[in-house]
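The structure under discussion is supplied below as structure tokens; questions concerning it will follow.
Just so it is clear, A, B, C, D and E label the chains in written order, and each chain counts residues from 1 on its own.
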């Protein structure tokens, strides 16, 4: 039944994590950034599930649930901020322009 | 390691890559759903059917809807697409991509250099998870509710500004 | 009786303090009388002491230790006074001449606004001088030594409204200070060798042979430099003519009679030490001879009355050094005493004269003064004769004769016996005597006997005349207490000072030569300047030499070129703290570098993220900042940090 | 009743009272303008009485230390509020008080803005200084060392002259930065001691016996040395001093030059020499070189200044070079010379700063080219100025010369050429002192300070007292020399501090 | 069915109940005053609850929470800080009638809950949840600045994205640790040259933690976000969040030495943090940004103490935390005291010119706080820095000490510049002083000043009340056990 070894899933998680990270770094669109963050969180979730399976510990999946909740909350807040910024006249979903706080 | 595992892993990765390279947000959301489905398969293959189900139901089902909803509200059009195209020049993505690849290489190097560990791989049923969830971790369930509450209030707080700010 | 010693110092000191404290509240007369009274009391004390000394059966030196000054493991010193014949001579000179000069100054300085300052400094000077003279400890002597210096500084710069005067004052102090520093080094050397600067201890150590010859030579050399500076000998001679910028009583008291003789006194006091260092002795005599010759030549071409007297002072001091160098310190002291009389007289007379001529000091603008001021003429003539050493009737003759005769037979152990250094020196001294007579009578003939040129007013007040009279008397007859054997075997002075000198039989022609040189000078001076139609106003030709000689042989210019200008230049260069700039500069540099680094780092990252063009467009302000507010930047930093951490932590 | 803690704390408390009194009286300002000034004066008088009691009370302690006080402060760290007094401390305390009086009487009365705060800060600085002279717990010492900087910083920064902010910050950065090095050294010593004995203590006497390797002792000594060298100041790190002295208000200048610099010298004697005697000997050639550099460099630059206060400040550097030289000659003579020099320099330079400050108050300039010829209009001030200038040029018979002579003597024992070189500093001293005198007092009048008021008789009396002290130091220094020798470490204070506190 | 214990430190349920009550109250009728009062009561009650707990720890049970002196102490600090911050924002919230802001106290309490949860956690799960609760509440709090809503939103967005990344990294690290040990309990990082996965797990967790602590090079968000946030929230970020995360860091590493492979990274981070923070602060003109940068530097100092375990370490850390919290809160309280409305908040340091002459009390207090931060007596910061330096000396961390000295000197420069500006003369103070009295703020300032001064003069008198004996974190963990073996 169990087809994936721990190491294989670790590798998968690492690659997924890095793809998500690359997404955050590359994209200027806040929407894409949020999606990339989700990918990163998923990578972490994969790690927990795989490890839980490896150690036969349900803690991993409990953690997965928590990550799920976190992802939901973070996405919700992030989207709310996007909407707020959009509403306040940010011309686009650009994360870089109009940075008022710097220096 | 069977082909299904390989296939689902590959789908997950490809989907993720597609997500971060799309120009149209809706496309990206769809690819993200594909990635999540792939991941759900992986979860299932890892012997975690409960997690797989939740991944599909909550993540792909609920959270993605949020994205779609927001994209609709933002009313993105052709100009946004052109802009995304502009932003996706190699010159722009090359640096971050290199950085990520470097990180990935480091991670993979160190992960794969560790000895192969083979543990008892028996599936963890929903019952197991539920037992521990409402057993030792019941306080965490309460705590995570506060996490959600915080998210809720924050989102509400920010969202309310949105209407007031106008 | 010993308690007279501190009292001697106390009177002038107290009066000085009193005058400084009450400055500006007392009338000029009161100030003058207070000061004069204090000096008078001191003079009385010293006369009492002298009587005590002269009439006591066994004149033993009086010692008094006032208190312990300092006492450490390596060194101890006391505030202590000693009165022995040498210092007795000096205190007599200082107090009596000082008293007369103060008396003179009451009237002379009456009109001055800063009279309290003047008399305060004068009395303070006398106090310091007395400390210098009485001190039984070289270290204590040094207090007086520096004290007279600072008083001299104050008095030269008395008329500070004229920058020339303050410059002269500072020059005098700097010059002597250089000597003082050398002397301090000498004192330190002696102190480290013997652990004490008490003169008796020093001599005892010397006799015990505990001072090595090298140390002795070095120490005496240092002391000699101090003495040379104080007494304005080559190479320090330049400050004294300038010091004439001070009021005339000052010039008389400080720069003729007392302070400048401190160097002679020091060496005479330590003659045993110096005798043990033949090299230094020889140096002393050579410097003395050179100085006397040079100064006499210079005096010959001066036109300023006070400057002539100043150069003559240097010249006469040269005689004293010559005498010291040849070992006859008694002769030096004798000449010191007579010189104090006649030089004070000359200065005071000159001062009175100048005052009546509306501060005209150029001798060529005077003339024929014997008609208008006969009294002053007589006084000046008395002083001049004594200075020239006209035979038999002046004190200067006896003292100078004593020096001249002793030089001839001097012995310099360092030289081979055949080298006639003593004879050469004698020749110089004799020529000097001739020149002395020449220049001082040149002065007399021009000033007093030529055609009348300047209107003079008023008359010399009696208060000024009395000291002049006293000094005239002393100049003429103060020398009879010591006579050459050829004339009469009177040796009161030398007997009083020390065990009688082993008097070698002097050939008579020595005495004759010494007597004829001044007369020759007078004659030639009369030939040149004395007749109604003078042969010449100025020595013809050699205008260059005269000009150079007039300026003191260019030594001033040389010093200005060698020391003063470079010093000024360096000071100007370093008027700002280099280290200060260095540190500020480092600060600026660090700031510049950090901004530069920030700049380059930003640019590098910009390039690496491929956003150069956009950033260049969005302006320089962004370039200078890492903290540019961009989320992706920050994220990139985080990821880069993570990469680095992983790399360093995991990858071996 | 042990007066030591009261000695330290009284100025601070009094200052607080003065401040509060002044604040509460802001409403009716005119009649009570000087209430804080009066309170300050009272505090100083009280402090003097205390010091008199301390000086003359019957000392029961065995050994050379005069007085001892100790209560635990932070027992966990082995830190105690421990004060000890020996002759050195006592003489420096007297100097502090003697100098504070002219400060308050002559200089601080002109302060009109926020006089209460000014006096509070003044007294707080004094607390720091007095405490530094007494503390024998290393932590307490460091605490007070740092504490005195803050009020001084504010004094300069708030009441100073035109370029005060830069000067204040530079002063603070230098002293504080070097203080950190001292902190590290203290910690190093304490921890080494802890490792050796298992006893965590900051007690000076306990730490004195810590066995140290040569390298370590040199390292620790250097940490202390740098801090003290900055305070003293020694030449390469003196740059804070001219600016701070120049820009500070008069009273602060006097405190800085007269007292604060002395903490550096005191620290060198008490800590460098006593705690690390053998490292100090090894370091002595370098330190002496620095001292000579300071003497000559300070004097040289002093010759080049046109600003009166700056000139005096550089001359301080030169004088403190003698202190450094004397301390590191390794002989008692040199040490005594250094101490006398510190005392004399405190008096003479303090007085000079008072005079320079008075001139600035009257003429509103410090540029010597613009002052000139004060003797005619201000004879008393000028004569006082002349006296102290002469003292500072090393006139025999005044205190500075005694110190310089002893130092030179001790140096001559070590190396005669060096001493001779140092003696040339005296020539330079003459040049800068007389240059100042000639520019300010004895020169053609350039300004017409007809409105300027001369010192009153009372003010002259105060300065006269300083003059008398200088003369006493000059001609009769022996009692002070005997008194002010630092007590050796070998005799620890009595074992029980508790009985003594009663 | 529930066989496991439900060990729970009392502040947590108290805060939870408070949150629920607040929510209910808001749902019933919105009233800012009532919300504030409720939040105040909650915080005070939680303060009272420190040291007590619900349920009994089972020696064999799976422990989620731990309650020891260390946790109690930091919880106390956090609750006191939160209380101060509540008092700071009290006046503005009450007076701002146009914008109902009753979520603000709610979010504050929630954030405190998250922080407390981190402090008491003995397990990655509550730790992680605490971190996220705190982060999410902060996003809301940051965005609650009406006058500068765009900036506030931007700050919030930055915080969201960056904290998202760091959370992901942290989570990934935890995941790796879990993968290598099979347990979610805090396990000290393996010492020596561990095999790769635990090592990278530790490093990634550290990176996540460093981000939250804003150590260089993970610091850049802090000045921007604090700048965008209202001053009390900025204080919350600077104090509460840092104390909580630092507390967990100490718990995570336990008392032992840090493993060898971390030495390089830690030293580099500490040096960079001290120098970077100070250099950044050097060029700031805005007081809040400056505080942000200086707080970065202070994290560096604190890490020195953390990095050099030894005799003095625990004292150094506890004292430094207290000193830092008191001084920083004091400065922010004074900043808040000057905010007439959100608009007239003093923006740049030059706005404070001449404060010594217009408001001597506040200026003196502010200077005291700043001096305390700079580590100058008589502030408590002096003793704290002294202790930190002592730890460094004890371990002979020469490089770190050099960084400490250099950083302190740079720090002195900019701290003194503030004091200097305060003493600058200007005829008309540019800062309009708020007329309306706010007794709670004045009280707060006075109390904080007292703490700073008295703590500086008598650190020994303060410490024992908080800590009966030198605390050694984790030396008295109420329950610690082996990782659970897989059942089934």
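Criterion: a contact is a pair of C-beta atoms (placed from the backbone, for glycine too) under 8 Å apart; a residue touches a chain by one contact, two chains touch by 3 or more.
By chain, with names taken from UniProt: A = NADH-quinone oxidoreductase subunit K; B = NADH-quinone oxidoreductase subunit J; C = NADH-quinone oxidoreductase subunit L; E = NADH-quinone oxidoreductase subunit N.
From a predicted model like this one, the values you see are computed outputs, not experimental measurements.
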- Going from chain A to chain D via touching chains takes a minimum number of steps equal to 2
- Task: From the Cα centroids, identify the chain that ends up most central relative to all protein Cα atoms.
- Result: D
- Query: Which pairing of chains gives the most C-beta pairs in contact?
  - Reply: A-B
- Message: As a test of understanding: of all chains, whose mean C-alpha position lies farthest from that of chain E?
- Response: C
- Most distant chain from chain D by Cα centroid: B
- Would you kindly tell me how far, in whole Å, the mean C-alpha position of chain D lies from that of chain B? 70
- Message: As a quick test, compute the distance in whole Å between the mean CA positions of chain A and chain B.
- Response: 5
- Task: Return the distance between the CA-based centres of chain D and chain E, expressed in whole Å.
- Result: 42
- Note on the structure: Cα centroid separation, chain C vs chain D, in Å, comes to 36
- Task: Going through chain B residue by residue, note those that touch at least 2 other chains and give them in order.
- Result: 92-93, 96, 99-100, 103, 107, 110-111, 114, 119-120, 122, 128, 137, 140, 144, 147, 150-151, 154, 156, 158, 161, 165
- Two or more other chains in contact with one residue: find those residues in chain C. 627, 629, 631-632, 635-636, 639-640, 642, 646, 650
- Query: Multi-chain contacts in chain E: which residues touch at least two other chains?
  - Reply: 125, 129, 132, 136, 139-140, 143, 149, 153, 156-158, 161, 165, 196-197, 199-200, 223-224, 486, 488
- Task: Can you identify all of the chain pairs that touch?
- Result: A-B, A-C, A-E, B-C, B-E, C-D, C-E, D-E
- Item | Complex interface listing, chain C residues touching chain E | 594, 626-627, 629, 631, 633-635, 637-642, 645-646, 648-650
- Message: Considering only the defined contacts, which chain C positions touch chain D in the complex?
- Response: 20, 23-24, 67-75, 79, 113-114, 117, 139, 142-143, 145-147, 150, 153-154, 157, 160-163, 166, 169-170, 173-174, 177-178, 180-181, 184-185, 188-189, 191-192, 570-572, 574-577, 579-580, 583-584
- Message: Please output the residues of chain E touching chain C within their complex, sorted ascending.
- Response: 157-158, 161-162, 165-166, 169, 196, 199-200, 202-204, 206-207, 210-211, 217-218, 220-221, 223-224, 261-262, 264-265, 268, 279-280
- Query: Which residues of chain E touch chain A in their complex?
  - Reply: 124-125, 128-129, 132, 136, 139-140, 143, 149-151, 153-158, 160-161, 164-165, 167-168, 171-172, 174-176, 178-179, 182-184, 197, 223-225, 227-228, 283-284, 289, 484, 486-488
- Note on the structure: In their shared complex, chain E is touched by residues of chain B numbered 107, 110-111, 113-115, 119-120, 122, 128, 134-140, 142-144, 146-147, 149-151, 153-154, 156-158, 161, 164-165
